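Presented below are the structures under discussion, each in the form of structure tokens.
There are two complexes below, and they share chain A, which is joined by chain B in the first and by chain C in the second.
== the complex of A and B ==
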């Protein structure tokens, strides 16, 4: 600790260089933190979803294949099932929005039993249940578009050849999960009726079935039984936990985890080179000073340590700006990213912050190794001869 | 106590030093013997390439003799490892350089404190030592100034305070007035002389400046790697 003031002075010796090095680390680690946060949020949300004791049933062939709507009632009748609803992605276009938000056809009678973590104002659910053309929207979806109860919404089908004309019957919210807060739920029966009119082959099918089990302990048995129940039918299914479903959904986007890790690795290596170069330049300018330190009794180990700690401090300072900047920015997402869809459930977990800071320290350590080693090897006699 | 009765701080016995230049050995010091007793103030003079700096480097443990033994404060430097030599320097030697070599990012106080960071002294004890050293060199009022805020003479005083602060047995000065005007040079030599006379510091000073050399107790001339000693008349000539 007694060397710290000297190290800090050296960190700030060339303020512009320190600022540029620190900021390059900050910007890059901001990016890495956000990318890793995406992975960690998926994992954390998956972990959290365990307590909701839910199973997701898809067609055995995969998520893009439908599940017959008749399966819903058969699942509901199984022991250990508390509730079950279809949840079908509509993907319709709303006004000029280019990216469709979550619009799900479901069963209004049981949806809030299955997704019990969401709450709605008294009377809204009953109104929704009795209103075939009604819908309920998540609080963030409503906020982003300025919707209120009673507003009419038109969603033009892209995947399905129908247009939905809906009235908002309620706005749901949750303190426990933000997954559905940018989504909209409407009657499966309403969409199915329109599909039948259009003689669409999609009629009578759901995308997935969300099942609420009596307890988390029963999930494994229940999944096995659901799989068995439909195993010998022409429409076999695959039942997985909600956590596994999330993982499956992410994997549909490609090997995202691998992309993210490769990008992060490339960023880290680039940063080590940038920071290492800056540190090497700094140490070259100080060869004479290092020689003096060694002349007056600083051992190689102390010189090595001083340079390494300096490199780590610069990297950690830059890392703190980037990593904590990302944490703060997404903590204030409702203000900073107001109106931007897809951000609702995103945050930077503390585990990612710790990972980012450890990465910053590692970048500092590795960027400092060669300059530190060279400084430790400086010959006092040669170093003192050096004028610049 | 007469000088002859005092223990030697520096003893060189049969010391030779050769450097390799294009695979050819170039002798710099040749079979040199030297005794520097406690309390001595020796000025080493000689033309460029005569071996002055090499001598200083050998005595400081910054370089190793090709043959012979270099003993400083009773320790034979040739027998020590690099790490032992480094520790030896921090405990027993003080360095004064021509270009002062202060750390530009540290204040005068912090520069003087630097060698003490290697000791187990507490913060308060270190501060006491630093204040004492700065007082000796007359710069206690400038303790919070950075080197760039000091004149050349003041910088050299800070460097002397840094060399003194751990109370070394031997001060090694390499052209301490070489970068100073005559007034500042005179003041620095006054200070070195005071350290020698009042604090009994043993000093070995390499210099090109005959006026500075005359302030020493004795002058040692090096020519082509061999000593030619010239005694200096006491006090009258020194002042």
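== the complex of A and C ==
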């Protein structure tokens, strides 16, 4: 500890070099943090969803096959089910937005029992329930488009051959970041009526059923029972946890994980070389000093540690800027880009921050090893004689 | 000009430090090119998928076949319209098709599931796909649960290999009897079977997803498009195939933006590292710089010389990075096409444009990173510099 001032002074000796090494690590680790945060957010959201004890029921063949709306009542009647609602992706076009946001047909009576973590202003749920052409919008969706209660929204169907004309009855919000906050809920009955008028084959499709169970412990049994109940019908289903449902979308992206790992690995190795190079340059300039240190009695171990700690300090300082910078940036700013699933409501979880800082420390350690070892090996006589 | 030989020898004299810089920038370029090659591969697949004289007919308002439905009777009416090309046997090149998605496991541990596109077709469909040919096995027979698919799909999905049983849509399997090629386009991401077999399996009898047809010439195409679009009874839309696939390139856009962002951030990071190396080079060669100046080289040649050295290091790294990705060229991969909600298989593609972009990145790293150190070199006073030890 008493060597800290000496180490700090060494760090600051060549300010430009320390700053550049630090910035190189900061910028690159910013990227690695954001990439890993993408993976960690999926895991964290999935993990968090466990406590809500929800099950998602889709058609056995996946989301593009219909789930008859009659299934919802049948599921509701099953023991262990607290509430169940259809949640059907409309995927309509809003104004000239290229990529559709979440627009879900649902049952206003039970939606807030199933998605219980969301809050609305007093009275607006009742208003929504009694207003057939009404909708509830997430706080982020409203913020991004400047929507207010009472505004009218027109959504042109792409999957469904109907156009929805909706009035905003309320805005829902939650304490924690969630992708639902970028979406909108409206009456399933309203859409179905329009579809029936069109004599569309898509009428009566619940899309998915979100089920709230009595307790998290009973999820496995309940899923098995739901699967069994519809196994021998025309429309078999697959019941999965909300976590597994989310994971399905990340899986569809393909081997993103291995891609992110490869990029991160390349970046980390590159940073080790770069920081190690800078450290080696510093040590070359200080050969004589190291010899003096040894001449006055510093052990090899201390010399080695001094250099290692210096390298780690620089890397951790740079890493802190990059990693915490990413954390702050995404805490303050919403990501509006919707080209990738799971990116709505993006943030940097603390687990990623810890991971990023650990990477920084590791980069520092590895970048310091060779210069430190070399310093420890310096022979006093040669070192003192050396003209740099 | 200071001879380049001077720079090359300087790089060699400090080879450990030079090598580290080269590998460091090389890795950064490698990671960037990987992203570029991915997005180039995806775009290539969608670009080669369309034939300008071919039309896709879908329900009005649908942007993808998977979202569209056309009743069988309307589909038959479409076939009777004028302007549709005929083949050698006199049959109209008009193909009603039914696409169905199923969530099917990919091969490999932890590779997850993806939505596979199964297309129900009639024999005429093949003639509407440029470069379509069976390369292994045989064609599927109508009315039987047989299917054909591409080589890349055979490698990618469980049960999609030649002679294997593919469990899709309902509980019965499809026997894969042949593998086809279709000019590297989006068709190579599909499994084909007989339209009635698919309709029955998916319980979608009486409907089609889309109709694909070939017109004789652009005039006919325009006339037919108008005829179909303006018929209120149909409620359909006709668009040319290239336009259809261009719309789908939206999915590729996301990948492109992400790739570019990664490359830009990494390049900035690498710039700092290069600057470090070059500052050290300038500092340790003060005496040499003084000598150069003393023997008559001006400030500009010295500046250019150091800039050149920095660029040399980075371009060497860039070349290394490009060489590093070449083994991955043509490697088949896949991702979700969010427009159709199904898996699109494609191959990494490191074409000349991608490699040129990579080298441009390296050039930028070298120039931006080397500029300030090079300026410092020109600012050294000759007398002081010569006195440095």
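Here, the second predicted complex is superposed on the first by the 366 of 388 C-alpha atoms of A that agree within 3 Å, B and C clash if a C-alpha of one lies under 4 Å from a C-alpha of the other, contacts with A are read in each partner's own complex, and residues count from 1 in each chain.
We adopt the following convention: contacts are C-beta pairs under 8 Å (C-beta built on N, C-alpha and C of every residue); 3 or more make two chains touch, one makes a residue touch a chain.
What you see is a predicted model, and the numbers here were worked out from it, not measured in a lab.
Student: Touching A:132 in the superposition: chain B (first), chain C (second), both, neither?
Tutor: neither
Student: State whether chain B or chain C is in contact with more residues of chain A in the superposed arrangement.
Tutor: Larger number of chain A residues touched: C.
Student: For A:381, using the defined touch cut-off, is the partner it touches chain B, chain C, both, or neither? Pick first, second, both or neither.
Tutor: A:381 sits against chain B, while chain C stays out of touch.
Student: According to the stated criteria, A:109 is in contact with first (chain B), second (chain C), both, or neither; which is it?
Tutor: It touches nothing on chain B or chain C.
Student: Which partner does A:270 contact after superposing on A: first (chain B), second (chain C), both, neither?
Tutor: A:270 sits against chain C, while chain B stays out of touch.
Student: Just checking: does A:300 make contact with chain B only, chain C only, both, or neither of them? Give me first, second, both or neither.
Tutor: Once the two structures are laid over each other on A, A:300 reaches chain B alone.
Student: After superposition on the shared chain, which partner residues are touched by A:197: those of chain B (first), chain C (second), both, or neither?
Tutor: neither
Student: By the touch definition at the top of the document, which applies to A:288: first (chain B), second (chain C), both, or neither?
Tutor: In the superposition, A:288 touches chain B alone.
Student: Considering only the defined contacts, which chain B positions touch chain A in the complex?
Tutor: Chain B reaches chain A through residues 57, 60, 62-63, 82-83, 86-87, 89-91, 95, 97, 101, 103-106, 110, 114-115, 117-118, 123, 162.
Student: Under the touch definition given earlier, write down the residues of chain A that touch chain C in their complex.
Tutor: Listed in rising order, the residues of chain A that touch chain C are 16-17, 20-21, 23-28, 30-31, 35, 61-65, 91, 98-99, 156-159, 161, 201-202, 234, 247-248, 250-255, 259, 262-263, 266-267, 269-271, 273-274, 276-278, 280-281, 337, 339-341, 387-388.
Student: In their shared complex, at which residues does chain C touch chain A?
Tutor: Per the touch definition, chain C meets chain A at residues 16-17, 20-21, 23-25, 27-28, 30-31, 34-35, 38, 59-64, 66-67, 69, 100-103, 111-115, 168-170, 202-203, 207, 235, 250-251, 253-254, 257-258, 262, 265-266, 268-273, 275-277, 279-280, 333-336, 338, 341, 343, 389.
Student: So in the complex, which bits of chain A are touching chain B?
Tutor: Chain A residues touching chain B: 2-3, 5-6, 9-10, 12-13, 288-289, 292-300, 302, 380-381, 384.
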